[in-house]
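Following this line, the structures themselves.
What follows is a pair of complexes built around subunit A, which joins subunit B in one and subunit C in the other.
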Partner chain A sequence: MSSHQPLGGKLINTQFVILAIFALIAAIFLAERFIFGLGSVTNLNNGYPWGIWIAIDVVIGTAFGCGGFVMAILVYIFNKGKYHPLVRPALMASLFGYSLGGMAVVLDLGRYWQVYNIFLPWYAQINSVMFEVALCVTAYTFVLWIEFTPVFLEKFGIENLRQKLEKVLFAVIALGVLLPMMHQSSLGTMILVAGFKLHPLWNTNLLPVLFLVSVAAMGYAIVTFEALLSSAGFKRPYDTTILNKLSGIMLVLLIGYMIMRFADLIMRGQLGLALAGDINGNMFIIENILFLIPIVILINPANRSKPRLLFIAAMSMLFAGAIFRINAYLVGFEPGGGWNYFPSVPELLVTLGIFSMEIMLYLIFVKRLPILHRVEA
Partner chain B sequence: MTIKRRDFLKAMGGALAVGTTETQAFQREAKEMPPQAVGMLYDSTLCIGCKACVAACKQANDHPAEIIPEHQEWNEGTWDSAVDISGQTLNVIKSYQNGDLSQKDREINGFAFIKRHCLHCVDPSCVSVCPVSAMQKDPQTGIVSHNPDACIGCRYCVMGCPFSVPQFDYTTPFPQIHKCQFCNHLQAQGKLPACCDVCPTGASLFGDVRELKEEAKQRLAAQAGDSYEFQRGKLGGDRPSHVAEIPKYQQHLYGDKESGGTQVVYLAGVPFDKLGLPTNVPDYSYASISEGMQHTIYKGLIAPAALLSGLMFMAYRNRNSKDEEDKS
Partner chain C sequence: MNKLDDFKAVEKIPGNLSRREFLKFCTGVAATLGLSSMAGVRIAEAATSGNRPPVIWLSGQECTGCSETLLRATHPTLESLILETISLDYHETLSVAAGHQAEAARQASMEANKGKYILVVEGATPMKDGGIYCKIGNKTMLDHVKESAEHAAAIVAVGSCSSWGGVAATSPNPTGAVGTPEVLPNKTVVSIPGCPPNPYNLLATILHLVTFKKLPALDDIGRPIFAYGRLIHENCERRPHFDAGRFAMEFGDEGHRKGWCLYKIGCKGPETYANCPSVLFGDVGSASWPVGTGHPCIGCTEQGVVFEKSIHELAKVENLTPPTLFPPIVEERGTGVTPASAAVAGGVVGAVVGAGAVIASKMGQEPATESDSD
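Moving on, here comes the complex of A and B:
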């Protein structure tokens, strides 16, 4: 008997219809993009070749999808079985984060019809950070689907195959831990080549480390966020003891992150730029206040068992990680030459539509597949 | 196009920032100038702004004239008014203007021309970042070319080029990256790149990079006001030369060291940042940092492989204990 069960309930309700409308709007703008070119719907230009479809849909989207691998580290690598109930929902969020992130890349590619070139050995360019990211993200998306296959097999009662898969799953799980560590840090390395175009507040060789540590904290935050939200939304009891422990791990990661972030800025002598009063300085301050909020909340152990405060801490952590990425990819990116970029309304709506689709898939999956942990009555 | 004061200040701010970054431990070795590197010496003081090179470039590369919106009403395409490089313009002449514009090649109350296109870096970022080898540097001539059949349109080259050279076309459903490829199709026929071929004053001078740099250093070493014989077309070629006075040069050969060195080098009478060339680039390629970092972390995939085996071992060991837990 499985320890997981589908929630059941009606699929189509008001929320679902609203989400579907957002997804539909996105689809219409995407059709326009494919017929008339990227410039017809986006504000991209040759100074800012990457916009929010990369910075949010891909970089932040996959970061939000890091719940799966950080939970896998806890449960399968450090053998903390008590976190097991949170693994499947986390894995599922990762599945969507990565599948949609991968899809978003293709939407943004100028010559998408040649996207398979990246997998052709004679075109491979192993010095390219993007090459590594592309291969890792693709491989990890496959790994996630394999890791998730037991859910389908369980649902459709294919016990035999499920048991066979479980035997080799350890290797897949190991890959599923390694791959995100590789490409999530590389997403930081990726922008270092911008050199002087990247503002000193974000232009540091520690960027790959900062990306990796912050993404791990974001992983625990998204698991916490999602557990609290699904408990509230589906009227299930809160797993506060587990979340309590998780938030402790998040706190350690966050403190480590902040020490590295500020030590680096002080050593490079760039911290003063935070007070420059310009967009970069101000965005830096916002970014780091958002990083500080979860630290301030979680440093008091009593707060770690209060769902409300945990929720605020997790939300703030997610925003911190997201703003950090937007700052590093867009705000702090200053190509000069009079170029400007602010996302167009259609660009924003496409991003909104992609995230809506993610939530729709989440709702379909938890209601129809054995994902959430069985609640003892 | 005029280069604004604001941009200059921005560039200065950046320069200060770079000044504090030292070379990094994991930086990979700089790339060497290819054995038969060809290049261009652009001498801004010789340029008269006729834009014959812009027109010739369009002809040689089959690009249409670009008409800026303000000209749409009356300009029927006879005057190419491109203000910057773009998907239709691989090479452009821009101007610096200050005060009453009374003297050429003077910073205050003066003006100057600058030609912008690919600098054909010795250690190009675009080649380093391209995931599908669409950007290639010829191992002999050093020409950086682009292969649209490989390109997936990710625009990492646009983002990574310190000189903002690769141009992506956002206005078409089937776009392409455009950049100067130094007329390699003409060079293959033994001809000169179109811009150097038509330049009436020798401001754009083609040749062997090493010889061009020597030539540039001679010009820098000469006394302002001295007579000097300026060549046209190709350095050491058979075109008639012309004699003129040595102008007041900025004592710097741009591209000699910038970004690890470039095969297109510049001489000018006004500071290079005023001409829109980034002066805050270090004398190494940014690619040597990001590549070096990536290779240091991965060490030829040995590090990830080791980590993976460790992870597999842990996951395998814990698999059994989890099974027991599930059964209980």
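Moving on, here comes the complex of A and C:
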């Protein structure tokens, strides 16, 4: 008997329909984008060639998809088997985060029909950080699907193949840890190469490290967030013992992150810009308050087993990571020359639709596939 | 000791070049040819070996511009290389000998090096009235070319005049001038057109011949593909302006001063095959070629373009028609926040925060254990 089981239950309910409507709206705007081009739907321009489809759908979307790899580190590298019940849901969230992130890249490519050229070795520009990210994200998406294959095999009772796959899965999992660490830090490098266009509050050589450490914290936060949410939503018991330990790890990462972040700003002498009162300074303050909230909550060990506070800490952490990325990619990015950018309504609705689709897929998967661990009633 | 001897041998041969400079030059030549850097070493070996191929350089209806470009538009040490790499046995401008003495030297060299010498022809050959409109040493150019080509190992037509007639053959062409390939219809003639051609294209062709004992790959009208395989338009530094529809409309206007595409003031880059934008002229760095300095290309390497079309006439765009829709020259600098987008963005963030708050409020404040949730 497997230790996981599908939840069962009706697929179509009110939430599902609302999500489906958002996804449909996004689909309509995407049809417009593919017929009339990016300019007809987005506010992208030559000063801001990357908008929220990159900053949110790809950079934040894949960051939200980092639950899988941080859980894999914990379970398979540090060999902490007790966290195992959370691996599959985390893996699934990663699967959606990355598959949809990869899809979002294609949506944002002006000449998307050329995308296959990235994978032709004779065109490879191995010094390009964007090339590394493109290749890594693609490879990791495949790796995630392979890591997730046992779930399908279990569902459809193909035991023989599943056992064979389990024997080689360790190699895939190792790759599945390496790849996201490579490209999640490179997402920081990718905006750092914009050089002077990046505001000093985010323009630091530590940016790749900050991206990596914050993404690991976000990974644990998303696992906590989803576990609590599915427990509350599906009326299942809270996994508080595990989440308690996870939040401890998150706290260490967060404190490390904040020390690096502020030591760097002080050493570069740029901390004063936070109080400049402009949009950059204010967004920086919001970003770091959101980072501080989980620290303040989790520093008291007693709070780590209270679902409500854990939930607030995880959510704040996710917001903090998201705002940090929006700040680095959009707010702190100043191309000069009078350019400005704010996402258009269709752009926002497409992003909303993509996230809606992610939640819809989550609901379908947990109800129909053996994802969540078995609860002994 | 041996190594030192080798070095000294190489050091002496190319005149006042250091060994490092010389190898650098050979590698540069290899790069011009599109060969690997190892080929540079082979070129260096060939250039320093004792048996330098003799070159007979004929001059017909020409302005000596091709010789000039070879002598001047290069590093100062180049002429010593060209004079000592190849054995220039006959050249009307560069010979010390003159008159009958020079002609005798040519005859002697051709006799001694039968089937081994390289024939370079500069200038067009007049055909009308038995070729009497260009005579050297009381013999027509037509006879000179035919006689010298008879036992040549390779024939190179340098410059546009020699390639197809050039300025001498411009209508009404009173002397019936034609290019060398037309004088020698049964021979393979390598054409290096240009007015003047880039000296590196000639040099690279000759060194290819010396090194590999064969001609470089040629196109259907005898031009080396490494130099004439691509349109100027394809490698032009102003090409993005063409694609974006930013054109200089007259000399000195805003677009011209900003370095926009010169197509509309007659640039023939779109119909001219040559490597000018990549190889440049005069070894003085970027932009040192006609289009780079702000003058439209006149198509000097292309038969039917230079001397036939007027300089400011529009070129025929060979391999690409401009798009019907150009992006605007003055771009809108982006749309800022609108009430609708602000409302949607705010609404989404608000809904997420609100939903989070509602869910959080429903969750237990107290430590929950697996048993009491059950």
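By our rule, the second predicted complex is superposed on the first by the 377 of 377 C-alpha atoms of A that agree within 3 Å, B and C clash if a C-alpha of one lies under 4 Å from a C-alpha of the other, contacts with A are read in each partner's own complex, and residues count from 1 in each chain.
Everything below uses one rule, namely that a residue touches a chain if its C-beta (ideal position, glycine included) is under 8 Å from a C-beta of that chain, and two chains touch if they have at least 3 such contacts.
Keep in mind that this is a model prediction, so the values were computed, not measured.
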| item | value |
| --- | --- |
| Overlay on subunit A: subunit C relative to subunit B, clash or fit | clash |
| Touched partner set for A:Gly272, first subunit B, second subunit C, both or neither | neither |
| Which of subunit B and subunit C A:Arg308 touches, first, second, both or neither | second |
| First, second, both or neither for A:Phe170, with subunit B first and subunit C second | first |
| First, second, both or neither for A:Gly337, with subunit B first and subunit C second | both |
| Contacts of A:Asn45 with subunit B and subunit C, given as first, second, both or neither | both |
| Which of subunit B and subunit C A:Tyr238 touches, first, second, both or neither | second |
| Contacts of A:Gly9 with subunit B and subunit C, given as first, second, both or neither | neither |
| Subunit A residues touched by each partner, larger count belonging to subunit B or subunit C | B |
| Contacts of A:Val345 with subunit B and subunit C, given as first, second, both or neither | second |
| Residues of subunit A that lie at the interface with subunit B and also at the interface with subunit C | 45-47, 337-338 |
| Touching residues on subunit B, where the partner in the complex is subunit A | 4, 7, 10-11, 14, 17-18, 20-21, 24, 84, 86, 125, 128-134, 148-156, 158-160, 162, 164, 166-177, 276, 278, 280-282, 286-287, 289-291, 293-295, 297-298, 304, 307-308, 311-312, 314-319, 321-322, 325-326 |
| Contacting residues of subunit A [partner subunit B, same complex] | 3, 34-40, 42, 44-47, 49-50, 75-79, 81, 84, 108-112, 114-115, 117-118, 120, 123-125, 127-132, 134, 169-171, 173-175, 177-178, 181-182, 185-186, 189-197, 200, 203, 205, 208, 268-270, 333-338 |
| Residue ranges of subunit C touching subunit A (in the complex, touch as defined) | 331-338, 340-342, 344-345, 348, 356, 359-371, 373-374 |
| Complex contacts: residues of subunit A adjacent to subunit C | 43, 45-48, 228-229, 231-232, 236-241, 302, 305-309, 311-312, 315, 337-345, 347-349, 352, 377 |
